[in-house]
Amino acid sequence: METFVQSLVSGVLTGSLYAMIGVGLTVIFGVMRIINLAHGEMVMLGMFGAYWSWTLWRVDPFVSGILWVPVLFLAGMLAYRFLVRPIVPGGELNTLLYTAGLSLLVANLALLLWTGDYRTLNLPYAAQPLRPLGISVPVPLFVAFALAALLTLGLYLFLARTDLGRAVRATSQDQEAAALMGIDVDRIATFTFGLGTALAGAAGVLLVPSLYLYPTVGEILVVKCFVVVVLGGLGSIPGAIAGGVLLGLVESLGAVYVSVAYKDALGFLIFLSVLLFRPQGLFGTRA
Amino acid sequence: MALLELSALTRDFGGLRAVSDLWLEVREGEILGLIGPNGAGKTTVFNLVTGFVRPSAGEARLDGRPLTGLKPHQVVRRGVARTFQIVKPFPHLTALENVSLAALVRTGSRGAAAAEAERRLAEVGLSARREAPASELTLSDQKRLEIARALATGPRLLLLDEPMGGLNPREVEQACGLVQRIRDSGVTVVLVEHVMRAIMRISQRVVVMRQGKKIADGPPQAVVADPAVMAAYFGKRAT
Amino acid sequence: MRRLLPAAAALLLFALPLLTSNQFLLHLGVSVLLWTTLGVAWNLLGGYAGQVSFGHAAFFGAGAYTTMILYLSRGVSPWWGMLAGGAVGAALALPIGLTCFRLRGPYFSLATLAVAEIVRLVALNWESLTAGPVGLLITALPRVTLLGRDLNWERKEPFFAIAAAIAVGAMLAARWVSRSRLGGSLLAIREDEDAAEAIGIDTTRAKVAALMASAFLAGVAGGFYGLYYRYVDPDAVFPISLSVEMVFIAVVGGLRTVAGPVVGAVFLATVAELFRDRFTVGHLIFYGLFMMIVIRWLPEGIWGRALRLLPSRREP
């Protein structure tokens, strides 16, 4: 029973971070119908940003997010303007191949700069886990969870309450109609790409104390991220959140009750079944 | 006996009943006009007959043998060809290659397919554009190309989804002539169309749909005079 | 002239080992030929049918393991082993195709990625069959005589000849498919899948057939890889990056061209060798960069552009 609760808790905590990466990918897809294969690299960049802030300047990784998240937001907007936008008219498969190239480029530039070593970041307050009700909760993971929840809530309020947020939602529902309503779709697209990238970067910053860090970590993360967004229905933000938590749970429960070796395969199997039998996602209602 | 029979054909999309308990017979050798306001379910009927969409209930039969459950390519091989409301040419291929691919499925030999394609292009009046990539044709030519491609599959029944939409009056005139020639060559035609003038002139029979249901079925003049149709269709258009 | 050119190129290819005995050059040649085969294989599905697979490493790896396991545990000759590798690749492609082709466009691509990862994880964990992460090692290849002489497996020449035969075979097969009825169907599918169905093409069958042919070639190439390096492990033959490299070769060389993958493979192997000495990952940076450049400014690929510049020849 204790094992069960323990895996439940760590599943939800890890899942919240998967959810955030997924939300980043899914807002981009929603507005532009682009599946960004380089999304995992954006997480990786956030991770390295936080890592170096700690290693070089002794700035707490969570605090360093104040710098890195805006930087990645800008980087995302620039990447869209100058790299992605010109090839969008070529069709979705071209975009897919192109972002695969971008992913290869960024990951290996990082490998060149920072070598392939596995790094970990040991925070002083990480040594003693919290022990509420006899279960063990690592402090950094708990802080990350809290911040992720806050950021997601902030994103939700932004999309629901502000004009810019409404414009993003409108564009993601129907680009042509949005354009007819006087929304500058291109600007929204640029902004959204920045937003999605910033979310990925923020997830990276939050993940770094809890995960091994190496330049090609994005490859695994992006695949998990697809699982998350497909579970929830591509383009749906609540879906991505639910999908993230679900994947976290599947992995942590699967590792305990099925097999450690196949916990990743379990996620993929669910991914495939959802793609095949419920392409609108577990929580989607689109006909 | 009817060539095509639809019995109790029904299709739901989520909560929406796009086609609702539709009974319809298409007779050999006629031109049947299928009309109705936008969202009446006309295109869905084509999709149901040709296997692109599965019915929720009911079935379609050709010569008394069920079409329902077949995949689109199997329906084509049974002799039912279609065009699309939003044209779907093979954009990077020439007009001739477009039609040849369709002919190839039936003939199996490249030479025979090319000859058949030439004939079909001539039939729709596109011979002069045979080497042009489909994406560079005008909308009117693309619609004719799609008809030529459908004919090249050797159909007995041809379903045309708004072949005149977006055409100018002269092009509509030509399209009417084409549809009549196709019928005269022995192919039965069902026509979904908004251009009323054309429908009234070339159809032997007109079926009116509204919200997934058939509300009228008869000769064009009788249907136009039907009060239910006036209310549902023309009344709405007049506002 | 046009007919002679490919024949002359093939002749030159087979004569190369007679012209040079530089083992490094021949090794480079072997990797170019191996990559060519993989590019041709991927192109069959990704180029001709427009179905982008990110999971072709699954077929390569399945072929490699099949050949190795058959040789190590049953003593099956590598010749038959490579064919069996292809057959297993094709057999694996059947269920994968039947399920993944229910999806279209990018969804299909994501599904292939997931399938390949599942296959990799199975290979990693099915230790009784694959020895898991330890991998399989061949210590000695069997004695094979050709025209009364023993082949010397310590030298590159015999491998070069085998790789050349596989690559040329793959290209001939691709050419044959592209001109067959199946080729016509794939072309129609790439252009518009609904319209292809509407003219009577069984699109699922055509796509599965293309995938199986493609997987067969990838499986044979995998078998050859196992014999050439005498060692396979899941990281070497099942990684995502391998799938991406196949995509790269076909895209950079030219989608839907028979000879494009040769250009892509030469390019890839050259870049890899040039940079491997200086820094281990430099070539991957360039793969990424070139993939982006080609898609943006040269979407028909290097060989595709060259063909367009040559008059009187069209590959649709």
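All chains are identified by letter, namely A, B and C, in their written order; residue positions are counted from 1 within each chain.
Heads up, the rule we're going with is that contacts are C-beta pairs under 8 Å (C-beta built on N, C-alpha and C of every residue); 3 or more make two chains touch, one makes a residue touch a chain.
Remember, it's a predicted structure, so these values are computed and weren't measured experimentally.
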{"item": "Furthest chain, CA centroid comparison against subunit B", "value": "A"}
{"item": "Dominant interface by contact count, named by its two chains", "value": "A-C"}
{"item": "Distance between chain centroids, defined by C-alpha means - subunit A, subunit B (Å)", "value": "46"}
{"item": "Inter-centroid spacing, subunit C versus subunit B (mean Cα positions, whole Å)", "value": "43"}
{"item": "Separation of mean Cα positions, subunit C and subunit A [Å, integer]", "value": "33"}
{"item": "Complex contact set, residues of subunit C against subunit A", "value": "50, 52, 54, 99, 102-103, 105-107, 109-111, 113-115, 117-118, 121-122, 124-125, 240-241, 244, 247-248, 251, 279, 281-282, 284-285, 287-292, 295-296, 299"}
{"item": "For the subunit A and subunit C complex, residues of the former touching the latter", "value": "35, 83, 86-87, 90, 92-94, 96-98, 100-109, 111-112, 116, 219, 223, 226-227, 230, 259, 261-262, 264-265, 268-269, 271-272, 275-276, 279"}
{"item": "Residue ranges of subunit C touching subunit B (in the complex, touch as defined)", "value": "181, 184-185, 187-188, 191-192, 194-195, 197-204, 316"}
{"item": "In the complex with subunit C, residue positions of subunit B that touch it", "value": "50, 52, 71-74, 76-77, 81-82, 84, 88-93, 97, 101-102, 104-106, 108, 149-150, 152-153"}
